[in-house]
Structures are given as C-alpha cells and as structure tokens.
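Look for chain A in each of the two complexes below; its partner is chain B in the first and chain C in the second.
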Partner chain A sequence: MAEPGSQSNIAQRVNVAKEETPYVIAPRQVTAILSCTLIGMGVLTLPRIASHWAHEAGWMSVLLGMFMAMFGIGLISSLGQRFVGQTVVSYSRQLLGGKTRPRLGVVLSFPILISLAGIWLADTSMITRAFSEVIMAAVLENTPMNVILFLMLATAMYLAMHEAEVIARVNELLFPLIVIPVLLLTLISFQNARWNNLLPLFPVDWRAFFISLLATSVFYKGFEMMLVFSAFTQPISAARRAQFVGIGIPALLNTLITLAAIAVFSYEELERLMWPTLELATSTEIPGLIFERVEAAYLAVWVAAIFTAISNFYFATAKILQETFRIRHHQWIVLGLFPLLLWLSNLPAHVYQVFHWIEILGYLSVLLWLGFPLILWLLAQIRLREKNGNRRTDHPGQ
Partner chain B sequence: MKPSTFCHRPHVALFLVLLLAGMFLTGCWDRRDIEQRSLVSAIGIDKGAAGDYLISIQVPIPNQIAGSTGTGGGGGGEAYRVITSTGDTLMEGLNNLQKRTNQMIFVGHTRVIAISEEVARENMASIIDGLRRKSSFRRLLWPIVVHGEARNLLTFSPKLEQLPTVFVMDQLKTSSKLGILPKLSLGDMYIAMSKTTEEPIAYYAHVSKEDIQLDQLAVFRGNRMVGHLNAHEIIPLIHIRNQRNGPDVTVPIDPEKNVFVTFHPKKTKTRINTRFEEGKPSFQIRIRMDGSITESTHKEIINPVRWMNEVEQATAAYYEKLAKKTLQKLQKEYQADILRLGTLFRGRYPEAWKKIDCWQTLFSNAEIQVAYDVRIRQTGLEKR
Partner chain C sequence: MVRKVRHPVKISDLKKKKKEEQAKQAEKKTEALKEMKLSGKLADNIDTIRQILGDSDDLVIRNIILAGNPEKKAAIVFIDGLVNAMLIDGYILKSLMFHTRQPTDEKSDESTPPPLIDQLIRSGLTINEVGQANDFQQIIRSLLSGDTILLVDGEEMALFMNTKGWERRAVQEPNTESVVRGPRDGFTETMRVNTALIRLRLKDPDLRVKNITVGKRTNTDIAIIYIDGIVDPKVLEAVVNRIQSIDIDGALESGYLEQLIEDNHWSPFPQIQNTERPDKAVANLLEGKVVIVTDGTPFVLIAPAVFSQFYHSPEDYYERFGIGTFIRFIRLISMAMALLLPSLYIAFTSFHPEMIPSKLAIAMMAGRATVPFPAVVEAMLMEIAVEILREASVRLPGPIGPTIGIVGALIIGESAVSAGIISPILVIIVGLTTLGSFATPSYSAAIALRMLRFPMMLAAGTLGLLGIMLFLIVIIIHLSSLKSFGVPYMAPISPSRTSDLKDALIRAPLFWMRSRPKIMKPRDDKRVG
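Let's look at the complex of A and B:
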C-alpha cells in the first residue's frame, strides 16, 4: 500500500532504488488500462471509417492496424523497462540532454512534452464531445450539450484527482464490465449477418488499402499513455507481455465489430450511418424477449468505456504537466484544466467538425507515437552502447 | 481508497460532493412519464389531394385496452384513435399532428408503417430520409405497402385483437416463422436501397373492413415501386433469396381427375453458381428440398415408392414452373434484382462488376436456370 504523498513527486527521485518507489500497477491492471482506453476510442464510428476506403475488406485493415500499435507499444515498453520508475518527462530529459548538459535536455524535451500534453488534452475534449453527440442524437434529445459535457468531465476529473493506483483499480474493475457485454453483443449481432456482404475478399487495390490502414490505426491511439503509466508499473516481464495483450484485446474486439457491421449492413449502407455500432445494436434482437432493446444496455456499457478513456487521458495529461513544472499535487492541474477542457469541447460547431478534428488529432498523434518514442529509443540504444563501450575499455580483459 | 492530503480539505470535498450530486440531474430535460406520451403504434402515409402527404397515426387508448372485455365494435372503435394530418413531408405531417394531440408524440413503439401504393410508386426517398434521421424510429419496423389507402390499415377491425397493429404484427411474425413470407424489416429496406447490387421489397397488403390479405410482396426499383408478386410467385423467391422453406404447395398431379398432393417442405438447401461469359452473367441455381406429404387425393392404390417418385418429380416440375414465372416477371417486366444475385455476382467477379454501369440491364439479360430436387421423407400416418 502506498503512503499518501509518496507518489506525487516521482520526478524528483530519478535514480531511486527499487524498494523505495512504489510500483502499484500490476500487469493485469496494465492490460485493463490499455483495453479500456482503446475500446472507448472509436468503437462507435470505426466500421464506417474502416470500410470507407477498403470496402468489404475493412475488417482486415482494422486487424492489420494492430501491428502498428504493437510496434509503438513495443518501443514504449522497452523504454519503460530501461528507465524503471520514471515517466517520460524524466527520461526524455536524460536522453536528450546527456549527463554533461542536463539543462539542454530540459529545453529540448519541453516542446515535445507540451505537445504531448496538448494532444492528450484535445483528445479528452474531443472524445467527450463525440460522446455527447451520440447521446444527444440517440438518447437524450432535449438535454443541453453542456450539461452532458460538464457531468462527464466532472466525473472524469474526480477520478483523475486520485493517484495512479486508484485509476488502475477502477480500470481493472470496469474492464470485464466493458469487454464482456461488447463481445456478447457483437457475437449476437452475427445472427443478421449475410456473409455475401464480405465478398470479394480483396476488393480494392493496395493504395486504397494502405490509406484505410492509416485511417484505422488512428483508432489505436491512446496507448502512448503508457509513457506516463509505465512509471508506476511493476518492472517485471509479465508487465511487458500485458501491454501487448492490452493492445490485442481491443484489436480483436474492433475487428469483430467491424466484421459484424460489414456483414450485417454492407459497406454501402455503412456510409450512410452516422454511428454504425449503435445501429448494429438497434437491429439486434435477442430471442425470448428478455431484453428487447439491446441498445440500452450497450449504451450504458459504452458510457463506462468512454469514462475510463477520458479519465486516463486526463490523468496522464495532468501527470506530465505536474512533472514538467514541478508542481506538488497534480490535483491542482486537474482542476485548472477543467474549464479549458470544457471550452475545447464546445469549440466544434457540429458533428462533422468533430469528426474532422478527431481525424486531424489522430494523424498528429500517430506522428507523435511513431516519431517520439522511436527517437528516444534510438537515443537510449546509442547511450547504452556508449556506456557498454566505456566499460569495455575499463576492463580490457573481458 | 486512501484520500490524499489534498482531498482532506473540507471545502474541496464539499465542492466535489456537490459536483457528484449534479450527476443525478442528468436526463431531467428528457424525462417524460408514460402518461404524458402519445404512443404511436402505426403510421400511415397517403397522398393528399394537393400533392402533399396525408400522415395518419394510430394512437392506442390504454384505459380501453386494459379494461374492456368485449369487442370494440366497428372501425375506429374504443381501443384506439386514428388522427390524420397533412404535410409536405413526413416530419411536417408529424409536427402538424402534434398540434392536434394533447401529449407529446412518441414514435418509439411504432411497429408498422403503412405506405399507400400511390406514394410508393411515386418516390419513397423523402419518407425514408425522415425515418432514418429520427432515432426513435426503429429499424425493426414492418414496412407494408397498401393497395389503396394506407389509412385503411390503421382503421380496419380484425376482431381478434383490439389493436389492428397488434394483429398485423402477429400475422407477419407468424408468416415469417412459417416461411409464407420472407422476414423483412425497415432496416432491410434501407440496406437494399443503399446497395447497388439488389433492390428492396416490402409487404403488399389488401385491406378491407374486417380483413387483411397479406401474402404478396411489392417490388421496388431504387426508391420506386414497380409492381408486386402474388402468393405463388413468392415461393421461389423465398427459396432463392432467403434460402428458407417457403409455404406448403398443393401440386396438381392430375387436375382432370382431381388428384392433388400437398407437399410440406422441411429442409431447403440452395446452391447458386455464377459464371460470367462474353459479357453476360449466368446463374445456375440448384435447390434441394426435403419434405413430407400432408395430403393426397388420389383414389387408386398404387405402388407407394413409385408413387412417391412420381410426386417428387411433379413437385419439382411445379416449383420450376413457378420459378420460371417469377423470373420472367422479375427479369423482363420489372428488371429488378430482388433475389440478391447481384451481391453474389459482385462477390465472385469484382473486376467485371467494376466495368458494368447498370446491373439491372445485365440482370434482365442474364441466363438463370433453376433446378429443383425434391425428396419426400415422410408421408404422415396413412400408409397408402
């Protein structure tokens, strides 16, 4: 059990021994954090975007987009293992500056960290806004949008104010409550599937498929939060495996959902649906009339998924800002960001602008999680070789 | 969960508690008791005299349904009320109807949408758009095209149920379970309208004062109705399109001597092969049916096995004749591919599909061969 104030200043303990820093996130919780965030991301519009360029093969591009995300998380997890107990703030400063000029590291890493925090902030607000759009279109038509935004962000703020251990536990708790209903619903919706809708297997040429791949890999964003969460993760090999599993589970679910949507609706109909997964839930009938309106349960589950996604991003943003600016408690940042988030969520004028923003943010974050961890990882490899090289010259007999 | 030192400050905790209490306010704006809603069980769309639409809604009266024991009497009886209003579009009609009811109209429980043939033949696109956008309209509605006035479907009194809508709903459910009609929802219509490979169909009803004849299908091309298929022509459609059993058929073995046999199909297996030669698609459809005989009016006692073979062949020939008639109608007269053959063709020959511009013309010239293979497995309790 961690003492109350001990986690708040990880940044000030850069080279600390293993027994002192609390590693509060177990591998199982790592899987839960990643899965809950990624499932909430794009599950509502993913089938449409996947089949827009790739037509009937949309589900394949979703499955293959997983590999790009696996690559990214491989980089991040090896960085996390190298620098145990440190968030991206501290080790990026080390790597970019080197031992001789620590100030340079601070200066160089500052813009990248700020842009990381900024993108996560924008992500949080856009996901909240997309969520409120769905709720207003499908469930609560007369409720003012700001009420939905405010309450969602307020609940996420309350969770983000707690420590990483609490967040990990909430994710672990909600993980089966999200995954199992979504999986069940998807499997049941196959009753309306017409398999001819999935033929031909390779309808488009390589160029269109590649564009589709890029578009769907955007929906895997969110795992770069591990840059922050890896500081609290137990540095055992099971944690590394858990990160890959945490990408694999949402990948599988997304593939199944896209497969079901294309099989039930056909890609031409998917173009006309604003929220395809919601319509999939609406068209599903569970025989026996126990539960005639499946979409009610589905929406409830999806609210939980969005909630975990938002609060994870919120927490990660606050942590990065806390360590960059050496603030004592990240709770003040959480509180201060709240009006900013509310304002950002209100910015897009209508749902098409929301989609546009999400697309742009997606491309930016793909750039960020392909570029930034790659650079850091390469630098880490260089420095490791330098260190090993120095050692070898010290012991010529080796 | 241990609260951090930050949260120990009392005013912060109070503030957060107040925030959380606000959570219970969600949905205040949308809360509506069920007594404050006018539930619509069916919607009817007719063509008005001035070129606009006549939208009718059937609103059930809960008190009457719960309390009444006897039948309601004539049409427009005590268990429901039908209100009609005009409008240039579906939504305008509904808004005008709202001005005539005392509670807020709620279309979430609508199960049947009745469209008059005149409207269906003209253009359904604007109505479909209105139905799609509103989230309360479910995709599981039954779409019915009515010969004549759609309002008749809302006002006829079947006497077996209090609400005509419930009667129609149950009838459609039973029919699709028995295989007399394909199971067809509004969502299926949407999908068929969006796809370029197939055309939509809807149920086609003839309504009189106390009766409804619901055994035909309306054939659409795009958004317009082009014709209908009668009860016999639907049978091969169910075999090919839905790959289900279809209804029982009474096969005339020897009509002069009054010999008929009723065949009840139990298992259907459809195999469709498609080929594309010289710019013309061809389909070979082989349907294998296993079933039983439920009735036979022959008089002489003959060799049962030879007789069964005879009946099998006669049934297969009868089915093939029906299929030919249906295909003739679909290919030549309507030029509408409602058999989902286009989807299959696009799946097998995507390159060829990209080159053609209009599937309907190709479909009307396609060569479609249907071969039935009927096997009789049971003959009931009589040994003859």
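Let's look at the complex of A and C:
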C-alpha cells in the first residue's frame, strides 16, 4: 500500500482536503497588517517633522494627514474589491492594455511596477538602516552596524519566505504587542507634559500648515502595500471597513505621540532632537515599577513594529516581482533580494543622509500612491461603463 | 545498419528496482500466509501452526475428544500466558468434553446437517465471543492476540474463542498529569480498557470506535475514536488515511504514530496532543477532536492540537471560572519565565545594566565581582547542569530520585556560589526557570520551551534585549506557520475568532460557552441549550 522507506512525508502526502477559499486573510488581519506597518513607519521621527512647519499645531497636521491616506486607501480598496483575487500586477495590465492589446498593458505597466518594487525595496532598507542607527545610538554602542542590519533583514527574510497567510497571522499576533506598549508609554509620558507648550493652537498660517500636512502624510506611506495584499482578502464590506480602521489606529497613535512630544518638549526643543520618541521614553519615569531607564525595553517593543513593516514590504516586493516575471515561488526572489537590501542599507554614510533619503523616498511614494491608483481607478470606472464588471475568480495572485 | 544506442541505466532506477523486488518478496510472504487454508486433517493443521510459529515452547496444544462426537478428534491451541486459563478450563474444555449436546430437532428442511463447527458455535460452547476462519493468517493473528483455537478433524473451518487474559496494570492515577480536583483514573496499556474508560464517560451512541492495525511485525492495535456528528469529517479522513499509510515494522508507543503523522516533524512544538487522562480525552472528543488509542501505552493521542493546549488543564473547568482564569495566567507567566528568565538576566547584566534599579544593581554587581565568566557562559553552565540533574533524577529509582534532585540543586548551587563560579542571583533565576517549566501542564510543550531557552540565551548574549525580541519574533513566525491537520496552530489567538477567545486566554463561565470552538469546525456546535 505504501512505498517502502518514504515515511518522512506522510503528512505531505495525505493532507487535509483544502477548503475552496483562496481568501486567507481575514478582515481583522488586514487591520493588523496596515496598523503594524504604518506604526513602524512613522514612529521614529514623525513628531519632529510634524512640528517643523506647523509648530505647536503639529499634532493636528498628523491627524489631518490621515485623510489623505484614507483617500488613498479608499482608491486601493475599491480597486481590490473590483478585481477580486488579483494583485496590482494583473489588474494594472488589464486596465492599461485593454482587451484588444494585452501586450500593451504588460509594457505600460512594467515600469510602474518596477518602480513600485524599487521604492518598496528602498523603503525597507532605509527603515532598517534608520532603526539600526537608533539602536546603535541608544542601546548597543559597540555592535557593528552590519550585524544589526544583517540580523534584522535575515529575520524579515524568514518571514517573507512564508505565504501570505502566515504573514497575516504574524501581524495579527504582533499587533497587540506593539499597540499596547506604545499606547501605554505615550499615555504615561503625559505626566511630564506642560500643557502650555501646546498653545497657541493655530500658530502658523494656512500655507505652512498645508505644507506640514503634506509632509506628515508622507509618514502614512506603506498602505499601498494593500495593492498586493488585497488579492488575498475577501471582497466584503467588513474588509473595506477594516482597511479604514487600519489607517485610523496608527493615525490616532501618531497623533498621541506627537501631542505628547510637543507637550513634553516644546516645539523648539523638539526640532533639535534626533529621535524624539526615544527621548520621550527616556524622560518617562514609571513610578513603582522596578525598572528605570526603559528606553531599551521600549526599543525592544519597537523592533516588532519595525520588523512587521520591513517584512510586509519585503513580501510585497517579492510578490510583485514574482508575478511580473512569472516565477513560480517567491522564495527565490526573497533570497535574491537579500544581498541587495543589505547593500542598499549600507549606502548612506551617516544618519543625516538616511533622513534625506527617507524624505525623498517619501515624496516619491506619495506621488506613486496618489498617482498610480488614481489613474487605475479612473480607468476602471471608464471600463466599467464599457462592459459589465470584470470578475475573475482564479487562484489569487495569478 | 544503424547502431542502436543503449540508454545508460540510472543508479536511481537500479535502486528502485531493488526496492521493488524486496517489496514483492515481502508481499509474497504475507500472501503466502493468506493463501494457506486449513486442510481437513487435524494433524496437518497442527503441524502447520507449529511450523509457522517455529515450534515456540509457549505454544500449548491440547488434544481432546468432543463429548457429542466421540469419533472426531479435536485439539485446542493457545499460547501460554496470553490466555485466561480459567476460561479454558471451566468453559471451553468443560463444555466440549463433558456436556453432550441436546440432539437438535432436525425437522428442518435442510438435507444436510449443519457443519459441526456451526453446531458447536450455536449450542456447544459457552464462551461469549467466538468466530470462525479458515485461513491461517487470521488464525495465527488471533492466536497471538490471546484467543484459543479449536481445530476439529475433518472440518475446514477453525473456531477461535476470546480468552484474552494476561497480566495487566490496574487503573491508577496518572503520574504525569495529576490534578487536585478531578478524577484519578488514568489509561493503562491495554487498548480495550482504555476504550472502555472513554465509553464509561461518554455514553453517547454516536461515539465510534474504529480499529486499525499498525506495524508489520508488531501488529499493534490502534483504535480511532470520534463522535460522529461533531467531528469534522475532513480531519477524520486525514487522520485515518495518514495512519493507514504508515509502513513501519513496529509501533511500540503512540509517540511513533505521533511523529509519523505529524504535519511538521522538524518543529520543536508538538502538533498532536497526548494525555493519560480519560476525562481530558473525553473533553476533547466533545470539542470535535479525534482520539487515537494505541495498545501498549497509556498515552493516547488527540488530534488536531493547537497551542493553547499547553496551558490548559482539565482542572480549569472543574473549578469556578475566576480560579480557572487566574491559574491560566499563572501558567502563562510561568511559561514565559521558563523561556525568558535566563536570557533576561544575560541581557540586563551584559547590555542594559542601566535598566536595573540602583540598589539591586549594586547587589548584583557585588555578587558578580568574583565570577570569571561572562554572563552568557555562566548562565549556560548552570542551565546545562540543571538539565543534567533533571535527567539524572528521572532515572534514579524510588525515593532517591527527588532527594538527589533537591540535594544536588542546593549543594551544587551553594558550592558553586561560594567557589565564586556563579553569582547568587543566577541560582535564584535558574530555580525560578525550573519551577516555571514544571508548572506547564503539558510535558511535550515544557520540553519544547526548555529546549528553546538555550538559543534564546545565545541571542541575548549577542544582542541583548534586541536579540531576545528578534528570537521571540522568529518563534512567533514559526508558530504561526504551523498547522495541525488543517487547523492553524495559533488559533484562536491568530486568526482570531472572538467567540473562541473566551476559552483561550481566560476561562469564561460555563454558561457563556454555548458553542463548541469554531476552529475545530464541528458539525454540531451547540453545547449548552
């Protein structure tokens, strides 16, 4: 009955009959993915950037910057709902090329997809580099930078090698571990707040406020990852709501952090702090608990946030490249991108260059996530009027 | 003329051929045994049985003369030690040799009288379970299971009677899983006793017991138990298929089965639960899981399994919900301690001494002043010593075992401290870690965590708290990628289902638990009306 000597893989040969659902990411996991990624992006230097132009009203610009991000994610989620089970690769080819000339769609979408992948790669490496700078400055002074970079990227690679299901689960697991300590610490740090640092409420004119709005909306980048992840979610309204909630939670947290930072330091001192959130943690005393300088523990929690951000980006990049080049398993791409990421992370010479690069990348990605989904969405509306819906129920991601 | 090019033979093909030949030969042997049927002559049959068993000395052959048919010769065959001799003496031999049967009213329309064997079954033998067969495979198998075989000269069928009665352990309290409040009986090594213990608690006619034999040489009996109507049929099918695909010569313990049918045997975490307690098995049956009872071991398997099994104990449900929730938190904390405490010590002393409150830091540094090793080496040495001690105390007999454990830990700890090899706070930490791993109710999970704390210590020694966090993330990734028979391992924490969470981290009151856990996909999910 059984072949002799092949006992090592009984479980692979006789597996449980799979359910016929390709939607492996539940709505709650979508919220978790978005929140973990966005918290990881912004928490490093957001308060400083926010208060740079808007002064004391920095927290308001953070809160309002949320709406731009909501607009972006609204576009992306309606695209995802229309093209059920497909990632941006397949539906951008469809929309840009049309039924008559599919090759045109492939050619037209290729540079955009490659630039998307490139920006995400650069994002991954820059965040990793920035975080390693923080670690080295605050906690591990004597460790070589490359060791930290290597270990962070290696762990991210381990996660990116798995399927979307596992990534969603890990995000879901790490979500409370990230949100609760960050929230707690922010709330506790309010005990050092001097509330008159927040006055006047509207110190700058509309132009400066608007620039600040644009600058802070850069920190909501990361949700365009949903272009890839929406292939795995169900096209139900709960998933749409989950995406908006997924933007709302980090928005709230970022607002609170900025508020606390402006209140504890004033905006002038804030502009001169390189890592304002870290300083917030340093200045916090937790009375009664047995630990004192808790920034090391705070950084450890932060690792989880950064880690989810970079591994989500890593996975999304690998998925896009897998589909563009029709490679069967994305694991090979993940492996191949690793030395590239390591090299990119080593490129900036010092931390100011890192900030500079992050800024440029931020502007580029705003361009991308405002422009590209908008164009696609408009095209989809046009084509919707031409024909009657465009539903493909293939295996997702093909 | 074109020369034909010969294709080179691949080595893998040669190996395959060899394997196929071996398999064919093995099959021939079993086929041969199956083909052999009883001949009509008693002496030939007895000789065949003797030959198959190789003239084993514990084979007993008792020639008798049947009371009702004195002209026919008959013989009783059994294996000494496997049978209950009183049954043979008092019921089989007595009813065959003493009591003449009433002549049956043969006013039936049959032209030929029914065969002797049928007559014996119907009215001659006062034994509760009988069967007949005419192929040697079945006869030998039942002989080796403790049945008695009756062979009659001239008949082509043999009779086998259930006379199983060997020495078995009494039902005792399981010593790996004791509880304060709850039943004290545990499974034993006999499969029938175990299935009976489950039936006693679950008098549901939907309870199904399905027998399979595993192991070419051991022919171990396995019973797959499930409740029809609750269990997810896909999981059941997968379990049965996987067990039937096992091709091994001996399945001595349920651990063999567990390792062969597990989804991922490279993982340190068990994806199939095992237990010695019938009440735990029944509780899991009611949730829609499948129980696998193996003959020869008191540990039954429960599939599928999820991570929350590690800190759940049946005791949580026998007490009130506040106590159950509280104890679960204690267990979670102790699991975290068992995994993290030595690593935290290493991280704090080597990388983040500023985090320790000043007074404690001074005391710690004073203790560490004489230690010649870095914190990593010190902690590793002590942990390895404790592991050796633990293993040694399992092997020591009787009352010496626990004593050596206590004495060893104290003396080794004390003398190491006074010799200046380790610092006193490390003794406390190691002690707390050991206690934490004992508080985990599931032994397999405790081992997994014990094993994982060594790489965690190395990670802490490399990067401090950051290293601990990264390794924790690696463990979380691994746990999230595990599946047990299609159920995600970290359910119901992730993917989270709020309705199942009420039994995961806390223990909600019984009247809230209206439905069975959805992660098991039960077909009938109403528990409380």
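Everything below uses one rule, namely that the second predicted complex is superposed on the first by the 365 of 398 C-alpha atoms of A that agree within 3 Å, B and C clash if a C-alpha of one lies under 4 Å from a C-alpha of the other, contacts with A are read in each partner's own complex, and residues count from 1 in each chain.
The rule we apply is simple: a contact is a pair of C-beta atoms (placed from the backbone, for glycine too) under 8 Å apart; a residue touches a chain by one contact, two chains touch by 3 or more.
Source: prediction; values computed, not measured.
By the touch criterion defined above, A:Gln29 reaches chain C but does not reach chain B. In the superposition on chain A, contact is made by A:Gln331 with chain B only, not with chain C. After overlaying the two complexes on the shared chain, residue contacts for A:Pro200 are found with chain B alone; chain C is out of touch. Of the two partner chains placed by superposition, only chain C is touched by A:Val303; chain B is not.
Using the contact criterion defined above for the overlaid structures, shared-chain residue A:Leu159 touches chain C, although it does not reach chain B.
Once the two complexes are laid over each other on the shared chain, residue contacts for A:Ile375 go to neither chain B nor chain C.
Of the two partner chains placed by the overlay, neither chain B nor chain C lies in contact with A:Met145. Contact with chain C, but none with chain B, is seen for A:Glu172 once the two complexes are overlaid on the shared chain. Counting contacts by the rule stated earlier, residues 1, 4-5, 8, 139-140, 143, 147-148, 151, 155, 158, 162, 166 of chain A appear in both its interface with chain B and its interface with chain C. Looking at the complex, you find that chain A touches chain C at residues 1-8, 10-11, 13-18, 26, 28-29, 135, 139-140, 143, 147-148, 151-152, 155, 158-159, 162, 165-166, 168-170, 172-174, 290-294, 296-297, 299-301, 303-304, 307. If you check the complex, the residues on chain B that touch chain A are 1-7, 16, 19-20, 22-23, 25-30, 132, 135, 138-140, 185, 187, 190-191, 194-196, 340, 343-344, 346-348, 350. Contacts from chain A toward chain B in the complex involve residues 1, 4-5, 8, 137-144, 147-148, 150-151, 154-155, 157-158, 161-163, 166, 194, 196-197, 199-200, 203, 265-266, 268-269, 271-272, 279, 282-283, 285, 329, 331-332.
Every residue of chain C that touches chain A in the complex is listed here, in rising order: 19, 22-23, 234-235, 237-238, 241-242, 244-248, 260-265, 351-352, 354-358, 360, 463-470, 473-474, 476-477, 480-481, 485-486, 488, 490, 493-496.
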